[in-house]
């Protein structure tokens, strides 16, 4: 039955490449751990996981649009706006209807805003045929501005304890809440991307829009949906980060954009589209956060840290280049 | 099969007789990955001759030309230009030494104007500054001489394909050169425009230039050729002077096959009319009032030269081109022009000619490609949402087995497969859901003999199980032997319909090339 | 000059009270202290760095200093806090980016029995063992008040340049200014938000000078005051009052040359020293204050000569230190 | 584009006559000059089909390096024009190296411009902060500040002349010299350009170097203007320069765009932000308005492009 299967050397090399990144991550942790044992303490590991979980959502938001050969520069603005708006709704509703209703209302608001921002981006990119870079750059400016204006610039304090407890401090299923949520969302995203029709369409259209169109797939609709998903994931990140720091912050997401793209790409997503699984943001964010925590623990000069990160980004991209050239 | 001396001196092209060759290729080999496009090819060009390269699609003509002008590097062999060995010739160097090329795939910058394109890389300057009025004058001169009516300041991206072709020609003729290479320069020109070009080529030959000419148009070959080199499957078959090259000989050399045992016998069992195309017209004259019917159990062939509109008609039938007029009916229901989705739902399967662009997602697994058009079918998904990955895997295994796709494993992606296997993956799509009508455009491009036979088998079993099959191919023998009924197209119109014994190579060729040539060949 | 004593205001219940603070000579043990900074990109925080490091060296304690990289990095600071906890330090000194943001973490630290001291930036929480900070609105109020007093009766038109919108402290400073000028002859024409990069502030001042006819008070961030001279010169305005509600090195020279009328300093170096001192005192179970606020000093050309600049800025050749052994 | 600019100016002038005051126009001119120089560099990179995220960081790094070079050379006893020229040239070295690094990685390494320039941005930002240790570099030679920062000629700010020189040079390059055409050719159709005999890698690399050098020049001019070497200079110039280029019709796909439109677009954005100030729109809404305007401009451009192609 398998006489037509001819084994070549492509596969083993490919799977070696797959193992390279986890190996790098493990050695980063072990390396830092050798110099500074606190790196491997259970407290620090939990901390890395928690930070990694927050970053994972942003990197996953990028992954979904990277698969379609796009970008989303507005994830940061989305995080900020969600943080502020959800907090405002949450505190207002809590005051009148109690914390549980407040939290539900706040979370719903946050997710709605994420979906709305995603829908606007998606419409501009898929139906307006505006380059994703420009479209999301403009929406980044607009929604970033909106988050600082509606909040008056001040953080929103006094979020209900229920919210910060449930989404930050509590342990769900033996893991800190953000990690549990990240694992659940990651699994869900994995299922959607790998074994549902819409997920499959994203890969196909990102790889070859013309072929997807000729196969009768709804190219523009799915492109738009990818941005909605990206907005939702960013909104989740915004909610969890808000729970973590305990207040709605109008500048919360400003500096997260470039890093989130970088994490997804270093983890194995491709700017040329059609590639990358949930492992990409998971590994990418573990690497980026592990590096950053490790450099902090080792007290590497804070001003030199960006230099290290920059060098690793270029190396990662070069690696991606070699990986695709090896095929 | 004929075997002819390759080094016969040639009589016509008077200057060519004694002069030393301008360029010589010895034993050139060239591979793209695992595919060997040129095998041990020998070629020479003398001053004052037109040397025609002749061969099927994919025979390696363009590849040879790209090696001549330094765009491609060759793997082994020797290249002598003006008596000098040039191993790593760069395009810039080639042009500096006097080789001008009209590429089959244009080398124009779409966002630049005609005159900017014409002088690209060779701008005239005065004191370091572009001499625009001087360039404008020379551009006008060359366009006038060619009789091309193109505004020099027009942007190339806004020009029709034929006009772009003219720009590409003018670009090659603008500069002084000793070797002129023309790769299907008249492919999209009308006779009138082509006539001026041919006259000019003759004049340049008389001025002593060496000219390499590629064309599928027999009339042009008859008019221009001094010598003809035939390539087949990347091999040099023969080089013969014009007098010794009758059309019959050329075509036999070109195809070199005994067809009877190569093509399967497909039993004809005509069923009902499944699809009817009426008065279909497409923009830019790509199709003019085309009408025909497609029946179940029958293979309908579409033949014609490149650019005759056969691909476009098929694409329009599938909803990939917007018709300017006409009607497409499937089983009595008119399609509304809502694109491929509507066509697929109506049971049409289209397998594009350009598998790289429209057929396959090169970096997705075989299974994803094979089921691409069937994600909404219950066999592969629940409510068009959750994929049945097991069923997909079983299907992948089945097609890999049945089509004998040679692949490292079931998860391989098309970019890891050879051309023929890529083609088979695309064809597998036809088995992913219950289609009734199959539209094949160039089903065997870049496909080796073995794979061709397998693809023909697929076509045979489809037709014999009552499906309607349309095969458009520029490989004449292929359509001739596969189809029960053959439509011949020329310049967007159906010029003939041949059935049974009428469908002979001669009859088709006479419809292909204008009748005069065919008659003359008699 | 001598470091100690330094006058600070002790806030205890409702009665603020000025006290002369004197630090310890030496710590009993080389305690491990972790210090969190929002960033170290300007001379203000470099000064804080100097104060912390110098005092830690004097006392003989270990310090690890982490910077988050900017005011947008609240989440990163939380993670740095957790890094500190993970390392098992004795005390954490917090220059908070977001006071609410750290509240959760502070609680956790409290549970783990780590000594926590807030410095420079407000921390509402009573969970920290001690804190010393000046409020931005107070600083802005002090500066604006000075202008009100200086120009009594004259109608003044002021534009305030608080800093980046959404930062919280910029918005707070606007509140302070409004409080100070309420009922005075100083009119606030506009509060013009913008990043504290020099070129951005310069452009804002230039635009404002064209948008309003008779601006004669430019008030705002230290950067605003630094670049205001350029803009005023270009606009041909000569007798405008320029003042800032916090100071940086650049401003000192400008005060000396009269190009900037006044600035406010709360002596961040001293705040930092006291924060370290407080942490050690608490660790060693000594008597300590719980809530201190530095005295605001309005600096003008008249008093700049007397001012001990080592209480406000790091020495010129100081470069940030991230670890004290 | 010129029409949009004229409309914006007219509206600004009608709504607020102060707009036409000489001093105000000079402010607009000065800011437009900075924006023009850096965006012209971004345009060169975009014409060859890339884009450069690192320009803002290059501005900061150049500010620091120039200030350090000037202070160092002045300590050495250099003075006068020699000091200025040497200092600025030395200050541009990091920009040159960074541009070269971008260009080589993109052209030879075939790595995506996004990742390369995001990496160099991070590196440049870190280096600038590290070298200054966080505090600005003061005590720049007065001559530097006088000439480059405040210099005026015929009441027009000196930077405007420098921007004009840059624009003129690029205009000459783009429309009068053969090399300029090759940049377009490379961005328009790299394969065809190579077939025509153009060394495409050379031009891609050159574009990144020009982009970084012009960012460096912007850094020097801003340094002179604000009076100190700052590691935080130019924070938002990356996004601004891309916006200017996109509004000027430079295509992200490459091969399209010219420096004249960059001037219009830079002036347009400067007028827009100046007019918002003059009209006393709350500064909190400025970013929102700018985002909307960019979106509208790009949408109009996209419409125009589809109309053009559907004509044929």
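Order as written gives the chain letters A, B, C and D; numbering starts at 1 within each chain.
To be clear about the criterion, a contact is a pair of C-beta atoms (placed from the backbone, for glycine too) under 8 Å apart; a residue touches a chain by one contact, two chains touch by 3 or more.
By chain, UniProt protein names: A, D = Ribose ABC transport system, permease protein RbsC; B = Ribose ABC transport system, ATP-binding protein RbsA.
From a predicted model like this one, the values you see are computed outputs, not experimental measurements.
A.B. asks: Could you let me know which interface, B-D or A-D, is made of more C-beta pairs in contact?
C.D. replies: If we tally the C-beta pairs in contact for A-D and B-D, the bigger total goes to A-D.
A.B. asks: Quick check: how many Å separate the C-alpha centres of chain B and chain C?
C.D. replies: Using C-alpha averages as centres, the distance is 74 Å.
A.B. asks: With centres defined as the mean C-alpha position, give me the chain A-chain D separation in Å.
C.D. replies: The answer is 31 Å.
A.B. asks: Give, as an integer number of Å, the spacing between the C-alpha centres of chain D and chain B.
C.D. replies: Averaging C-alpha atoms per chain gives centres 46 Å apart.
A.B. asks: How many Å are there between the centre of chain A and the centre of chain B, using C-alpha atoms for each centre?
C.D. replies: Roughly 45 Å separates the two chain centres.
A.B. asks: Mark out which residues of chain D touch at least two other chains, giving numbers and ranges.
C.D. replies: 129, 133-134, 284
A.B. asks: Quick check: what residues of chain A touch more than one other chain, meaning two or more?
C.D. replies: Counting only residues that touch two or more other chains, chain A contributes 148-149, 153, 301, 303, 305.
A.B. asks: Residues of chain B that touch two or more other chains: which are they?
C.D. replies: Expected reply: no residues.
A.B. asks: Who touches whom among the chains?
C.D. replies: A-B, A-C, A-D, B-D, C-D
A.B. asks: Would you tell me which residues of chain A are touching chain D in their complex?
C.D. replies: Touching chain D: residues 124, 128-131, 133-135, 137-142, 144-146, 148-149, 153, 258, 261-262, 265, 271-272, 301, 303-314, 316-318, 320-321 of chain A.
A.B. asks: If you look only at chain A, which of its residues touch chain B in the complex?
C.D. replies: Listed in rising order, the residues of chain A that touch chain B are 1, 4-8, 10-11, 195-198, 200-201, 203-204, 207-208, 210-218, 274-275, 327.
A.B. asks: Can you list the chain A residues touching chain C in their complex?
C.D. replies: Its residues touching chain C are 36, 38, 41, 43-44, 47, 50-51, 54, 80, 147-149, 151-155, 157, 159, 164, 168-169, 241, 244-247, 249-252, 254-255, 289, 292-293, 296-297, 299-303, 305.
A.B. asks: So in the complex, which bits of chain C are touching chain D?
C.D. replies: For chain C paired with chain D, touching residues are 40-43, 45-46, 165, 190-200, 202-204, 206-211, 226-227, 230, 233-236, 248-250, 253, 314, 318-320.
A.B. asks: What does chain D use to touch chain B in their complex?
C.D. replies: Residues 175-178, 181-182, 184-185, 188-189, 191-199, 255-256, 308-309, 311-312 of chain D touch chain B in their complex.
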